[in-house]
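Since the structure comes first, as structure tokens, the remarks are kept for the end.
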Amino acid sequence: MNGQYASLLVALPLISAFFVPLIKGLGGRAIKYYLTLITALQAGVAAWVFKTVYTTGKPIIVMAGGWRPPVGIDLYIGHFAALFVLIVALVSFFMAIFSFDSVSTEPTDKYAMLFLLLMLGATGMIATGDIFNLFVFMEITSITAYALTAYNKTGEAAEAAMKYIVLGGIGSSFFLIGITLIYGSTGTLNMAQLAQLAGSINPTVIKVGLSLLVFGLAVEAELFPLNAWAPDAYQAAPHPVTAMFSAFVVKAGLYALARLVYLFSHAAGWDFILKLLVIMATLTVFAAEFSALRQRDVKRMIAYSSISQVGLIALALSVGSQLGVQAGVFHMINHAVVKTLLFLTVGYVGVKVGGTGIENFSGLGRKMPLTAFALTVGALAAVGIPLFNIFWSKVWIIIASIEQGYAWEAGVVLAASVVEAVYYLRLIHTMWFGGWDGMRIRESLPLGTIALFLVLLILAIGVYPNPFWTLAKSAGTDIFNVSRYIANVPLMGVGP
Amino acid sequence: MVSVLKRSLAIITLLIIGYWLAQGLAGVPFGQDRMLVGKYYLENVKAQTGAVNAVTAIVVNYRGFDTLGEVTVLFIASTGVGALLWRRKKRRTAKTEGSVVLRTGSELLFPFILMFGTYIFIHGHLTPGGGFPGGATIATAFLILYMAFVDYEIPHRLFEPLEGLAGMGYVLVGLIGLAIGSYFLFDWIWQTWHWGAANLGRLFSGGFIPIIYTLIGLKVGTELSGIVDSMLTEEVRE
Amino acid sequence: MTLVPEAYVVPLTLFSPLVFGVLAWLFDRDWVRETLGVIGAAVPLTVLSLAYEKASSGTISYTIDTGVFKLHFVLNSLSWYFAFIGALVGIAMAFGLSSTSRRGYDWLFSLMSFTGVMGVFLARDFVSLFLFWELMTFGSFMMVLRRNRHESLKYFVLSVIGAYSMLLAIGMVYAKTGTLDYAMASQTLLLLTKMGGVSKAYVDTIFALFLLAFGVKAGVVPLHVWAPGAYGENDQSYTSFFSGVLSKAGVYGFIITLFVMPSLYGIYFAMGTFHGHLTGTYLIAWAGAVTVVVASFLAVLQEDIRKLLAYSSVGQVGYIILALGVFNGVAVGGAMFHVLSHAMFKGLFWLISAALILRTGKTRFEDFGGLAEKMPVTFAMALIAVLSLAGIPPMAGFASKWLIYEGAIQAHMPLVAGTIFLGSALAFAYVVRFLYAVWFGQRPSDLDDVREAPLPLLVGMTVLAIPNIVFGIAPGLAVRLINRFFNTNITVNSYYSISTPTGTYNALSVTLVLIVGLAIAGLVYIYGANARKIKVTNTYQSGNPVTEEYNLVIRRNFYRPLAEALDFWLKYSWDRFYERLANLSEDFADWLREGFYNGNVQSYSWYLAIILLILAIWGVL
Amino acid sequence: MSVPHIGLYYFGALSLVLVGIYGVLVKKNLLKILISLSIVETGVNLLLISVGYITGRSAPILSEGIGPKQAVDPIPQALVLTAIVIGVATTAMALSVAITLYEKYGTLNIEEIRRLRG
Amino acid sequence: MFDWRLILDAIGILIYALIVGFIFMGIERKAMARIQRRIGPPIYQPIIDTLKLLGKKESVSHGFVYNFGPVFALGVSITALLFIPIANFQLFSSNADLIVVAYLLEVPMLGIMLGAMSSGNPYSALGVQRGLLTMVAMQLPYGLAIIALVQHWGTFKLSQLVALQQLQGWSITVPALALAFIVFDIVFQALLGLEPFDIITAPAEISMGPMVEYGGKHAALLFTQHAVQLFAETAFFAVLFFGGASNLLDLFLKQLLVLFIAIFVASIYPRFTIDQAAKFFWKWPTIIGIIAVLLTV
């Protein structure tokens, strides 16, 4: 089983997605079982890839079609990609189980296909080593996201999808112009070779090209002015899909942004891009937190909180130091775990109690104790209370950003997270001490086990973060240390 | 009043952005030979893939992953449109029957358009065009039938499984490549079996490019006609 | 010391309360929960007392390596002193809680804040300080959340602002020095300040941030707004711990900035002097002074027993801050002693109010009255607490206040010393007001069946009452302990007599002479004929009889004249100011959200165009 | 601030992109916005193609007579094939969303489609 | 460790103070009467009253605390007295200093209030409230005066204070301390509960304020307490500002001087209401006190 079998990561979801129309006749439940099976298989493959990468220490380079880069397209599954593909697979597996209860609208076979292809898109974006391939996988993720946002076929869902399509369309077109410029000046599309040639490109072209690339990805990674579509999309999408959005779709965009930005670190005008990203990230955190303050709908509130945490990650990644990137990656892991738990529980309440308005949450402590407990742990973790996982990464991010001289930005971020504490604790109060209408709802076993597993994971990272911190450190160096990246990719000596 | 202000503001912003992009493009002068990887492709396309048409060789063989992704994109589009416009019971929205000329013409032309479409995607590695244009022409054949007849609908029970099968076929070809040549999407026909090395430039050459292109052609044809069908039908409200 | 091996001392003190708290929360049966809770609170006390000589002579250090950070804890004489006070009040709280609250929830979060405070006292590097600080805040917040959301949010927002400003300061220190440990950070910072590697403004911001962080928890005036709500709206026996010990975490923070990090000394010197005093400490002194005056004036005018005790607690901590700010040996020694005595008498006060509320269910002064006969033991405890808080000689309160007087006047800070006089008079006033309103006067009819406080609560009270008397009569014991970690120039002649360069106080002789005086007065009393005991309602009221309805009593608005004298100042209230600020920020949030996310795709695409414009303008220039 | 002289093809493609963006920014009807979006996509595809063109060379079909030296850069043409299909896919999705929107809101004027806001 | 000589001194001084205290009360009433052009009772009248009250057959009590109050007040007054260096007898002043004595002089008020409050009579409660408010009002200037004094002499020990004043002349001679003297004198009026600030007892309004419930031996206890308090405070005043005294006679004359100043002021001024008193104390005396303090820093 040599490294090339890692390409199963892409082939498996694809072939199973194409297989779904054949088993359409078996009915909704069978397809959902099939979906869970496939996501479980994908998790297995991802775990195997994770084990090989972390035991050998060397990244797996999947060369499609047998061509060595830059001639063919290569999938660079380094420390970060291995870790995150596993997270993508696990979250999808959990959400597949969650889809049993929460997705009832009719064409479940098409839902299963879109679900698998969303997972595929995110995996592809994280693993690819070629910028045009990155564009293709970004498009796969975005179009599946458009379809899934509008999946509920309500007016709001269609409106949210429309906004996402218009903004996503503009973003990806400019991203393509960026690729055209970079390809026009260098002649290659492979990331490693681009990193080598970055210094020698004509400065104006690389300045315009890089800012266009960053602009395109910033729309996908929900930075401040460009994330206007995100709250609507999160709110209107079916519950499992929202969890997948916030857990890894945004992360893939953020990773791609970080990868591209650090690739061109020798290019001219690089530090301006970093400064712009820092400002946009801080504004994201600020705007998202304040908008979540007086939200009537809990799902939209948690969407805003997820956007602000993403802003925090973007700040960490664009601070420009190794420590910052490592802290950012550690926050990505923590955020993925916490937000999956939050959207899982809020979605489940929305399904069982009918609607995610704040009034449905009052007295939840007695109505659905297990879900309420999981939601409280998730909320406390998101706020950054010690003995929970986000506390560690938030402290490191603040220290890293101050160390790089961004004390004002750190101040704004901390002020914003005070606001975050307020609205989460208001939610906790309504849940445990709000009025109770007396009837208790039975909670399903599988979701309970998933919620408990996530709660235990949060507490485990919170109490003893060492193992996860070493993971995040190696993944962080994988992004930041571009020279090691170039060394790992077996470049063919192409060109004049 | 506001719209005039808005329009002028938009024009000014776009001029500045245009100027900025133009400045970037000026760095990439038109028509110069800046090929790096392109030159490698042109020199070894015949030897390594057996295809005459360098573009299709790149599309299917060298950068096969892109095409795989891109086939998925189209698949997502058709599933998405199907999911969004899904109704329990649907019927055609067309009210008026096509004119006599259209009806008889379409009946006559239908088989020839199909044949022309298959010609395009079978000769993908020789002549310009390939799976996608071929599939599109096939879809236009069905489109004409939709325009001509009020109650015509594509045979869904046949097309959807066909679409799935074609997609699976493509991935299977890739997986066989993984099994035999230990690389995903490896052209085992050309690289290991060396079929069709002799008749370069004729039909049976170009490794697994024709096979993939036929699969893509079928897939694109069925998908696009599926999209056309969902757009041209509406819900039956009891 | 053989009983508890040295390696286990710190982890036991740190984590046993939290562990037992969680157990108590899990096994939520009636008497199981109480025993677990009390054991959880007792472990730190026993372990600390066993580790006394080891800690006072050398240090016991302990490190947890969580990968991300190395958390470093040290038990030396200073941290032992604070931890022991915390443990003592903690055990009293445990006894109190076992009778006033029947819920696992309360036990979990009270013991969690216990662990938090222990962690803050024992921490030796900034991150563990910050971690346990947040834990302590969160624990105490959850206690208030259950009872009153508005107050709890006000408390949480203010303390989180404090915590985050501390994190900012830590970040700034780490940015310049690269280390997080107190000692190393202070050395490098001292060098940097000397070599000019770090600008004065930078040092001032670090100092201001630390002052803000610790000021919030200690309740310095502009930041004290959360105290009445958080202390009041809470299970009163937990508040004895909350106000007795958690406010000391704020004080401990001041000590860290002033003494534990010696180089910060350098920072204070670097901040220049203000006619003879270090600007930094001068600021702290004035902050303490203002707190004492404002809090005491507000305490006097309160109508609710919990609010009165809360403001009085803020005022007393103001004394400690003031004494730290005065910054000469005697005053700092006085501050440390006042930390001990405040924890004792304030804890006692809160337990008494817990007993009162538990038995009568009332919290406002006008509903109380004439409980002296009904609850004699609690009344005796209340008398001890009153004497100690008012600073009457034989009590511990007096000894510590006396030291603070001496220190402040010696250090040539006259106006600050003046405020101490005013503060102690006000303390005397509101304490007597408490005595009159609750214990004496006509008893409302619905309080006739009031029973004495339950036994565990009484045990808790005695635990806190004894040190009040012991340290009152023998202040030398406490001062010898304090001298071990600070070189206050208070000489301890013997366990009962202490003297400063300018004055001596022989507690034993004062008490003895007092007893002799009382004996003489008693003789005079016995010499007269024996007195006939009559009912409380039979009084000279120029004729009109005292009945139930026509029961002349002035428990309400006891100090109306003072309020009239101060009406000019009472118009301004920090509370309303913060309330307006909070609403302002929420309206801003609404405006921002409505303005930015206005739902129109076109405006969203305009935002994209604007970003492109920014990139273009930067590109073109 | 010299005026950048760019080839005619670049100019054409760039102006297409700008016209498309103008349409999105100003037009009120959703369909017009979607049309301007696809104009932007065509503009971008044109730009991608024109980058690969080398003057005086012909299509990269290496049949007899055309060697590696006479062929244009094939990669942009391969990329544009995918880009076009992506454009088609986005437009198809957008249109189906527009159909549902019209069904639910009864209008296509984006001023009125504003239920999700704040 | 009992040195009997000290005990004997203490008892002697105590008896002397008691007698002189009653005589001072008598002088006070006599002088007031003389100023109001009436003869007034003989000087030893208070002694007769106390003995009469003590001799009463039986008196009324409202419970333990009601009895404990006056006893505590008298006890603390005696303690305060024993810590002031009376003329050449040092008594216990070596192991307590100015702050302790100042506090001990104020604590008897708590005793009286304990008794008054437990009596349940609203008038006594009103008296308690006024007493406390006066104390709060006068505490700031009182403190400032003491601070000025201590800052000038640099020590808290009373015996050392007396010795320094013997050497360098009385405190009044120092200009700054003269201001402190004025402030202390105004505050002294309130301490004794004399005319301008006698709102506490306010005979006309609330019939003797806190003492309204007291009769028989309790009233006697309070009279003796007032006598001892009078003697102690005048002695304290003398020690602070008039350089203490080498012998009893010298001390007696200084105490008389202080008493007469107080009596003259008392007989002139009408009574302040309680918030007027508070406003007054926080205006002039505090300002003078601040000036005195800043001069001596």
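A, B, C, D and E are the chain letters, set down in written order, and residue numbers restart from 1 in every chain.
As a convention for this text, a contact is a pair of C-beta atoms (placed from the backbone, for glycine too) under 8 Å apart; a residue touches a chain by one contact, two chains touch by 3 or more.
All of these numbers come straight from a predicted model, not from anything done at the bench.
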Hypothetical removal of chain C, resulting connected chain groups: A, B, D | E
item: Chains linked by the largest number of contacting C-beta pairs; value: C-E
item: Between chain E and chain A, distance of the C-alpha-averaged centres to the nearest whole Å; value: 79
item: Centroid spacing, where centroids are CA-atom means, of chain B and chain C in whole angstrom; value: 74
item: For chain A paired with chain C, centre-to-centre distance based on mean C-alpha positions, whole Å; value: 45
item: Chain centre separation in whole Å, for chain E relative to chain B (CA means); value: 108
item: Shared-contact residues (touching 2 or more other chains) in chain A; value: 132, 136, 139, 143, 146-147, 150, 153, 158, 162-163, 166, 170, 177, 184, 189, 204, 207-208, 212, 231-232, 291
item: Chain D: positions in contact with at least two other chains; value: 17, 21, 24-25, 33, 47, 51, 75, 79, 82, 86, 89-90, 93, 96-97, 100, 113-116, 118
item: Junction residues of chain B - those touching two or more other chains; value: 10, 13-14, 17, 19-21, 23-26, 28, 34-35, 37-39, 41, 63, 66, 69-70, 73, 76-77, 80, 84
item: Every chain pair in contact, whichever chains are involved; value: A-B, A-C, A-D, B-C, B-D, C-D, C-E
item: Chain D residues touching chain C - in the complex, by the definition given at the top; value: 1, 21, 24-25, 28, 33, 110-111, 113-118
item: Chain A residues within the chain B interface of the complex; value: 2, 4-5, 7, 10-11, 14-15, 17-22, 24, 62-67, 70-73, 75, 106-107, 110-111, 113-114, 117, 120, 124, 128, 130, 132-133, 136-137, 139-140, 143-144, 146-147, 150-151, 153, 158, 177, 181, 184-190, 202, 204-205, 207-209, 212, 494-496
item: Chain C-touching residues of chain E, taken from the complex the two chains share; value: 14, 53-54, 56-63, 65, 67, 70-79, 82-83, 92, 94-100, 103-104, 106-107, 110, 113-114, 117-123, 125-126, 128-129, 132-133, 135-136, 139-140, 142-144, 146-148, 150-151, 154-157, 207, 212-213, 216-218, 220-221, 224-225, 273-275, 278-279, 282, 289-290, 293-294, 296-297
item: Interfacial residue positions of chain A with respect to chain C in the complex; value: 162-163, 166-167, 170-171, 174, 204, 207-208, 211-212, 215, 218-219, 225-226, 228-229, 231-232, 272, 276, 287, 290-291, 293-294, 330, 380, 384-387, 391-392, 395-396, 398-399, 401-403, 405, 407, 410-411, 414-415, 417-419, 421-422, 425-426, 428-429, 432-433, 464-467, 469-470
item: Residues of chain B that touch chain A when the two form their complex; value: 20-21, 23-28, 34-41, 61-66, 68-70, 72-73, 75-77, 79-80, 82-84, 86, 88, 160-161, 163-165, 167-168, 171-172, 174-175, 177-178, 181-187, 191
